[in-house]
Every structure is written in structure tokens, then in C-alpha cells.
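Listed below are the structures to be examined.
Okay, so subunit A shows up in both of these, paired with subunit B first and subunit C after.
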Partner chain A sequence: MKQKRLISRNFITGLTCLFAVLFLLPTVLTVTNSFMSPGELAANYGTVFEGLSSKETYIAKDVNLKFIPDMVSFKQYFTVLFQSPDYLFKFWNSVILVIPIVFGQVAMASLAAYTFFRCKGRSFQVLFFVYITLMLMPYQVMLVPNYLVADWTGLLNTRWSIIFPGIFAPFSVFLLTKFMRRIPEALIEAAKIDGANEWKIFTRICLPQCRSALYSITILAFIDYWNMVEQPLILLSDVAKYPLSVYLSTINTDEIGLAFAVAVVYLIPPLLLFLHGEEYLVEGITHSGSVKG
Partner chain B sequence: MIAVNDVDLEITDKEFIVLVGPSGCGKSTLLRCIAGLEDITAGELYIADRLVNHVPPKDRDIAMVFQSYALYPHMTAYRNMAFGLENRKLPKEEIKSRVMEAAKILDIESLLERKPKAMSGGQRQRVALGRAMVREPAVFLLDEPLSNLDAKLRTSMRTELIKLHKRLATTFIYVTHDQIEAMTMGDRIVVMKDGVVQQIGTPQQLYDHPCNRFVAGFIGTPQMNFLDAIIRKDQQGWYLELIGNKQHSIRLDKSLKELNKYLDCPVTLGIRPEHISLVADSEISAQVDVLENLGSESFLYLNCVDSQIVVKTSGACKVAPEACVSLEFQRSKIHLFEKETETALI
Partner chain C sequence: MAKKIQPFLLGGFSKNLENPQRNKRQKKLIILEQLFIVPSLSGVMIFFLAPFGVIFYYALVNNPTQGEFVFLDNFVTLLQNSAFRLAAVNTAFFSLVAVPLAVILSLGLALMLECKIPGKSQFRTFFLSPMMVPVASIVLIWQVIFHFNGPVNDLLAWFGGERIEWLKSGGAQVVVIILFLWKNLGYNMILFMAALNNIPRTLFEVAEIENASPWFVFTQIKLRFLSPTILFVAILSLINSFKVFREVHLLTGDYPYESLYMLQHFMNNTFKSLDYQKLATAAILMALVMIVIIGILFVLENYFGKDVEG
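Right, the complex of A and B next:
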């Protein structure tokens, strides 16, 4: 019986390891290949890197997936970081789009959630229900109305056409509201007796206790908008304003040699943010009793 | 539904008053009304001659200790205590001196840099008290502050609170459902039931002269025994005939002129366990059901005239279970309650 259980456990471990390896392969391939020299990449991936016209097939027939470079080369990184202003420019585009969205979203969601937490009237309950309904709508459904509003307000082809809709995120409001509702009423009452006004209760009592939820929405919003593709493609007609996420798909087809290095560099900001707030992310989502859909 | 109805209560300066009653009786709501956390729909509330019905909690010159302590979890004990003073924009030096002084009184100086999660229940309770103390309020409001502590700590904190009240010489309004706390701590006790004040008085007044059956049953441990009886009168005077057994009758030695209208009427007899004694022979007999020996005293649970009554005896009692015993009720300690309204007759 014990041996049977051991075999079963080993089998499950083996199977999960296999899946883990399968899921990790693309990431490992990207990271290791980013350290290959252009010559080595050409040798492995055939003619796709050199003399390839845009009309030709992207993947050559004799592609050889190689994980370990013969010799570590930083040529791709050097090209991306120092010889390709386009990359840095697009990176900056991403930053100036994502940072205001994230900060705006956290600020707006905190204020809205606090209102839903403190105001318990029926009208607020209805409004909160509307928020949840909005949360269930996929972003794609809202793209056309967003486009029309941006056009009507004259914001089309400006970064604000992406930033404004990004700031008002129902999911963050929902998550923070759920989190704030866990704060004992006695704490708010104690603060009132201590002479704190509504703003102080919000900033000094509520927000510090929602730290993990705030981290969660920061990370989720950052990743969400760092990876956005549809919004810039639809709302920005000026290619110069495209963020890195859109640019990445361009270099994947035009300059595959740089694609691996750019992908790795592109991964770094969300990865750092995630690693920094990983604990809070889990706690924030678990305690608010919600999982992003 | 009205949570608290028609309360007429005047609390004198430096008094320790206890609001007591079962769960849901409105005692916490009354305290919250005083604190300004609940609105008063009718009536007037004065604190030190100032009408405070529409005064926000922070301006009522009160401090409150919550049942859950309500310490800010992200702040250290020092910051918790200083928060209220910072909001009043007091100079830093004064804040520090007040916090340190309160910490010294409460013996929590070593805990000031700790956050609430790193403290025990008793320590948190002290910090919560400290937070209230540093405000130097006119009134301390304490909402069941000992109920989250274990029995031993509760007993010691009870004494600490009494000492603290004497030391601070400030008005304390204390809410509890524990009548022992009420009896031991309060200068006066307010007994509440269903949002209505039943009786206000000193612990001894409530114990000796409960105004109704509820108060009589609520105050005292074990609670007062109640037996159904009929008031009778013969040549020798007034007596009570216990319903269920006509052989059981109890002579009354009080002048009961006012009870003339209750002659031959059913009433409830109330007698405290400590006012019944075991005797060699008497008209009232009972059968022993359970004996609880606490060492210094014993509680005898007896079946007497279709009811269970408790008798408190001193020292170790050596009565066998199911044995028949004879009882004597101290006549002067007998309480009578009207059957319908349950109000006290004598």
C-alpha cells in the first residue's frame, strides 16, 4: 500500500515537472538565446536572420532549437540598449503611459473604494453593483465606446485616450472595497473619537491596512498595461507614440536577432515589481476574496 | 425598533457607573450614544452641563476603550497612544510626556515600540486604556474591555481598573454583561433589559432591594431562587403557602399592610441561595440533586416543590445525593414579586 502510494506520488511529481519544463521552455529559450551572437543565431535558425526579405517565410525549415550558447555574447543587448534609439524611445513611451495609469488607478480606486466602504446607503450599493457589472465586461467590448468618447473629446491619438480609461478600473475598486470591508468598524470609531477627520481616517487608518491590496492592484495594473496592445493600436494612429509592447511584435518580424534581448529587457520591470510585492499580491487577492477574471 | 428607550440617568462627576444587562439589552448602544457614535432620536444628552446631542465624538471630551481594543494594527503602542493627541495638534514634547506618564501608570513602558500583533490580550488592553488616558478626558467609556481576557487576567484587571479609577479621579462609564464585574467595580449600577433601564442603584441596593424579578435574578451568583406561592393570612399573621405542596408554608415577619390587596393571590417568592440554611427539622423539605463543593463554600441543588433551588452553605457540605434535607428561609430576606408584572412587593 505504502509502495503504491509512493509510485503514485512519484508519477504525479514527474508529470508536474514535465508540465513545468514545457511551460518554462519558451522563457528559457528567450533568455539563453538573448546571449547568443548573431552568427550563432544564424547558424541555428538558418537564413531567417540574414538577408531575409519581409515576404519570405518567418521560420526556416531547418530551425534548430538551441538552449545553451556556445559563447556568451552581449551583442544583442548592446545593440538594443545603445545602438537602437527606437527601443529606448518605445520603452519611454511605455513608461509614460503605464506609470500615470497605475498611480491614477490606485488613487482613484482607493477613493472610490473608501466611499463604498463608508457610505452604506442603498444608492451606493446599487452603484457598487454597477461597478461589478462593468468589471465583468471584457476590455474589447469597451474599445469602440472608448474610441468614440476619445474622438468626441479630442483626445484621440493622444496618450490621454489610453490613460483616462485606464485610471478608472472597476476591478481595482472592487478588490479594494472588499479589502476595506474587512477593517473592523471599531477602528474607524476609535479614530473618530481620537479626533481624526474623514481624510485622516482614509489616509492614516484605512490605507495602511490595505497595503497588500494596494500592492496587488499596482502589480496587476502595471502588468495589464505594460502588456497592452489593442489600446495603442486603436487609439493611437501615430506610430511614434506606440509603447514597447506594440514595438516588440514589430521587431519580432523585422529583426528577430534583437527580439530575444528586447523580450528579456521588456520582462525586467514587471518581474522586479512582481518579486518585490509577490507576498502582498497573494495576500491582497486572497483576503479580498476575489480573483481577477 | 427602539434600541434604547426613555433613559433618565444622571451620572455624577468621578463616579464609576456600570451599565449591565444581558446581550441585546441596549447597554452598548447607550454607551455609543454617549460617545456620539450613534444618533439620539429624542431627548438630551449633557456632559458637564453642555448639551452634546450634535457634538461630534472628538469634541465631547470623552475617551473610549472598545471590547476589541480597536488598536491600529499598523502603529506601535506609542503611536497608538499618541494618535489622538497628534490630531489635537499638541506639541511633541507634551505628547511624549503624556504617553510616557500613562505608560508608567499602566506598566507598559517596555511595550511602546511594539505593534499590537506582538502583544498579549492583557497588554493590548493596557495600551487601549493608555490611549484613553492620555487624552485626559472628562469621561471614560469602557465597552466590555475585559471580556476578551481569560478568567484569571480578568480578575486582576478588574482590580487594576478600580485602582486606576481612584487614581485618575474621573467619571467611568463601564459596560458589561458580567454582573460580578458590575457588583465589584461600580459605585452605582444601571441594570438594563430590552432597551429599558430596570433599576439604578448601588450594588448593595440592587442586591438587597431589587425592583423586579429580572433584577433580582440578574444580580447575584448563583441567582436568586424563585418559587410560586400564595399570600395567606391567619390569626398568627401573614404567611406564604408554596404552590405544589400545601404543607410547605413560610411565615412572614414583616408588616404587610400594603399587601392586603394581594391576599390569597399568587405571587413569586424570591430567596437568595445564601439566605437558605439547612436545619434539622422544618416545614420545608427538599431532595438533594447535585452537590457542588468549591472548598470554601458549597452549592446544593435541590428539588423543592416542583422547582429546583440552590442553597449556599459554607465550607465542605457532607450531604449525600438524593438525601432529604430540611430548609429554613431567612424571613427578613424574602422577596415577593407580583406574578403578572414581576415588580417587587416587599
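Right, the complex of A and C next:
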């Protein structure tokens, strides 16, 4: 019996390892391949990105997936960071779109969640339900109202047409409300007796209690908007305003050597946030666990 | 303790003394905490709810300037539109395959990590990591992996299979489903792990004493306690499956192979032609379908999990 259990556990460990490798592979490959020189990339993946500049000496017909570059080259990073303002410009576009959305959303959501936490009347329950319904709507639906408003207000083709709807996205409100409802009522009552006003209760008690939730909605919102594709395609007609997430796909095929380096540069900010706040993120996801309640 | 004192101090006390000032202040306090929602609510009103009303109107009239009510005519026209039908069928097919797979596989991953294997937290990090990788960053490597001469086809050939033009054939959906699963399983897994942790330990102990089979424990204890989480993961995956346009667009550009023509592609094209009726009708229709599907999921969950909810 024990023998059998040991074998099954080893089997499960093996299976988990296999899955872990599969999950890590794309990211790891992207990073290692970013250190390959354009020539090496051409030799390995020649046919994948057709139209690869013909200056390179040899274009392979086969595709060799390579883990470790023959020679580590930093030249493409140097090019991306110092010699091609285009990428930096798009990177900057991403930053100035995402940062206001994330901070705005967190601020709006924590205020709104406080009301949902403190007011439990029937009308607020209905309102919370409206928020949840909005949260469940896919982009395809929500982009139509966003587009109309942007059109009426003349915000179309400006960054604000993406930033405003982003700030009021209801998912953070939902998550924070669920989190705040775990704060013991007694804490609020005690503060009230001590003469704290609503603003004090909000800033001194609620917010510190939800620190991990605040961090996790920050990360979630950041990842979501750092990754955005739909909104710029529809709301921005000016390609110069596109964030890097959209621009990367339109990258010129003879700059494929750079593309991997740009991909890695683009990956760094969310990666840092993730590694720094994984525990909070997991805690936040955990408490988002149910639509009810 | 504080709860007991409070009504006496505030409510009881003020009533006894008939202190109007106190009463007034209490009222003010209530209004104050309601004010916190105003910024968010006004934003939601302006950017989501109000235009939604307008969209509803657009969907029911023949055109915005004339404003004649035609009721369901727009919906009929939309349903007859072949592009919309293709997009709807593709999206429905994708969701039908990807959502159950996402639920089952992430539950499987969570159960695997529950088996007291070494390095659990490292594995959790590994499985969660795809979530933070921007799709734009890994599409290059994805194109390499699924290229005609790429490693996946090499593997297929090695097993004696035929090479497939993955992104230019019916196999395209498979590629996108794999990418979708790769990105979303980690998040769902965390939800399942938390839910598994919340099942009362005593139940397992009783099951062990009673010599219950692992299968019985899984179906009668774990699955039933997990049913709210299964519902949530299913809804979440459903929403995310509608977002898969990102992956498709970055992998294949504006004009994908037919089987990858999603609802978002249809919407993008309609945005380009600025056909408000079509846009509004499609948005309303999709919203209704979403609400119906989620409603059904809720009913199902209520049916299966009613006796375990605490």
C-alpha cells in the first residue's frame, strides 16, 4: 500500500514537473532567444519570418528551436534602448496609458468599495449587482458605449478615450468590496466611538486592512491594460499613439532580431511587479473567489 | 463588545435625551458614507450606463436621425449577416471547447499541487507566470513553435503524423486554445487551491475512517464543496475566452484564417464602417446572451451545491 502510494506520488511529481516545463518554456525561450544575434536568428528561424533581410548569409529551411544562443549578443538590446527611438516611443505610449488607468482605477474602486461596504440598503445591493453585471460583459459589448461617449465628447483618437473607461472599470470595485466586507464590524464601531469621521475610518482603518487587495488589483489592472489590444485598435486611429502591445505585432519582419529584445523589454515591468507582489496577488485572487456573497 | 455598547451610546442615548443635534449628525454621517461612491458611479453612468441606454435605442430604430422604431428588424438583419454568423459560431465553438478545458485542467493542476509534492510554492509561481507575460511578447516564439517546419510538427512527424499548417488551417483554433489555456490556467488554479483549502478537514478524516474510496471523496466531498468556485472559474474563463481576440490578432493580424474570425473581428470591421445599428444590435445581443448563459450557470450551481453552502 505504502509502496503504491509512493509510486503514485512520484508520478504526480513528475507530471507536475512536465507541466511546469511546458508553462515556462515560451517565456524562457523568448528570453534566451533575445540574446541571439540577428544572423543566428535567421539561421535558426529563417522561414518563420519570411522576408527576413536577405543580407544574412544563410537562411535555413528547417526551424531549429534553440535554447542557448551560440554567442550571447547584447547588440540588439543596445539598438533597442539607444538607437531606435520608435520602440522607446511606443513603450512610453504604453506607460502613459497604463499608469493613469491603474492609479485612477485603484482610487475610484477603493472609494466605491467603501460605500458598498458601509451601506447595505436594498438600493446599494441593486447597484452592486449592476456593477457585477458590467464586470461580466465582454469587451465586444463595452467598447460600443465607450466608442459612442468618446465620439460625443470629441475624445476619439486621444489617449483619454482609453483612460477614462479604464479608470471606471468595475472589476476592482467588486474585488475590493469583497475584501472590505471581511473587516470586522467591531473595528468600525470602535473607531466611531473614538470620534473618527468617515474619511478617517476609510483612510486609517479600511485602506490599511486591504493593503494586499489594493496591491493585487494594482497588479491585475496593470497586467490587463499593459496587454491591451482591442481598445487602441478601435479608439485610436493614429498609429503613433499605439502602445507597444499592439505595435509589436506589426513589427517589420527584417527587424526580427530586435523583436525578441523588444518583447523582453516589454515583459520586464509586469515581471517585476509579479515577482515582487506574488503573495499579495495570490491572496487577492483567492478572495475574488466567488460571485456571490 | 463595542457592538453592544454602541446602540446604547448613540441610538439609545440620543433618543432618551431627545437631542436633535445628535440626530442630525447621525443622518449626516450616513449621507457621508454614501458619497464615497459618487465619483465612481458618475463615471460608470457617463461611460457605461447612459451610452448603454442610447445603444438600446439605436438597436430598435432604423437609423439615428430618423428614429423610427423597427423593433426586431435590426436583430433579424444581424442574424442574417454571414460574417456575424461566422464570427458567432467560431466564438461559440471556441468558448465551448476552451471553457470546460480551462475548468477541468486548472482543477487538475490544483489537485496535483495538493498532493504534498515538494516545491509546491515554486510550482505555483511557474503555473501563474504566464498570466503576467504580455501576449505580444510571446507571439514570436509561438509562431516558431507552431511553424510548418517547427518543433510541434517535428514531434508529430516523429510519431508518424502529418505536418499541419497550424495557423492557416482548421488547426488554428487548437493553437489559440492552447495559448488561452497556457495563459489562464494559473489564475483558475489559485482559485481552486483556495477552495480546496476551505473544505473542512474533518470530512476527510471521517471519509478515511469510513474507508471511502478516493473517487468517492473526490466526487462527493471535493466537487460539491468546489461548486461555487467551479461556477466562478467557468464565468471568468467565459469572459476571458471572449478576450482571445488579442491572441488571435497578435498571431495572425487583421485577416486571420476563417476559423479564427471572432466576434471582435466582426466588431472591428463594423467600427470601421461606423454602422451604428449593427454595432448596437450586436452589443445588445451579446450582452443578452452573456446574461442568459451566466444565469443558467447560476441555476446549475444552485442545484448542485445548495446543501454545502455555509
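Heads up, the rule we're going with is that the second predicted complex is superposed on the first by the 268 of 293 C-alpha atoms of A that agree within 3 Å, B and C clash if a C-alpha of one lies under 4 Å from a C-alpha of the other, contacts with A are read in each partner's own complex, and residues count from 1 in each chain.
Please note the rule applied: contacts are C-beta pairs under 8 Å (C-beta built on N, C-alpha and C of every residue); 3 or more make two chains touch, one makes a residue touch a chain.
Please read these numbers as outputs of a predicted model, since none were measured by experiment.
Novice: Kindly classify A:203 by the partners it touches after superposition: subunit B alone (first), subunit C alone (second), both, or neither?
Specialist: The answer is neither, since A:203 touches no partner chain.
Novice: Identify the partner contact of A:125: answer first if only subunit B is touched, second if only subunit C is, both if each is, neither if none is.
Specialist: In the superposition, A:125 touches no partner, neither subunit B nor subunit C.
Novice: Can you tell me whether subunit B or subunit C touches more residues on subunit A?
Specialist: More residues of subunit A are touched by C.
Novice: After the superposition on A, what does A:192 contact: first (subunit B), second (subunit C), both or neither?
Specialist: Both: A:192 reaches subunit B and subunit C.
Novice: Please indicate which partner A:83 is in contact with in the superposed arrangement: first for subunit B, second for subunit C, both, or neither.
Specialist: Neither: A:83 stays clear of subunit B and subunit C.
Novice: Can you list the residues of subunit A that meet both subunit B and subunit C?
Specialist: Shared contact residues on subunit A: 186, 189-190, 192-193.
Novice: Going by the contact rule set out above, which residues of subunit A touch subunit B in the complex?
Specialist: Touch list, subunit A to subunit B: 184, 186-187, 189-196, 200, 204-205, 208-209, 211.
Novice: Can you tell me which positions in subunit B touch subunit A when the two form their complex?
Specialist: Residues 35-37, 56-58, 62-64, 66-68, 70-74, 83-84, 87-88, 131, 135.
Novice: Taking the touch rule as given, give the residues of subunit C at its contact with subunit A in the complex, in rising order.
Specialist: My answer: residues 1-3, 5-6, 9-10, 29-30, 32-37, 39-41, 43-44, 46-52, 54-55, 109, 112-113, 115-118, 123-145, 147-151, 182, 185-187, 190-191, 193-195, 228-229, 231-232, 235, 239, 242-243, 245-246, 249-250, 253, 263-264, 267-268, 271, 279-280, 282-283, 286-287, 290-291, 294.
Novice: Which residues of subunit A touch subunit C in the complex?
Specialist: Where subunit A meets subunit C, its residues are 9, 12-13, 15-16, 19-20, 22-24, 26-27, 29-30, 33, 45, 47-49, 61-63, 65, 108-109, 111-112, 114-116, 118-119, 127, 130-131, 133-134, 136-149, 164-165, 167-168, 170, 173, 185-186, 189-190, 192-193, 197-198, 202, 219, 223, 226-230, 233-234, 244-246, 248-250, 256, 259-260, 263-264, 266-267, 270-271, 273-274, 278, 281-282, 285-286, 288-292.
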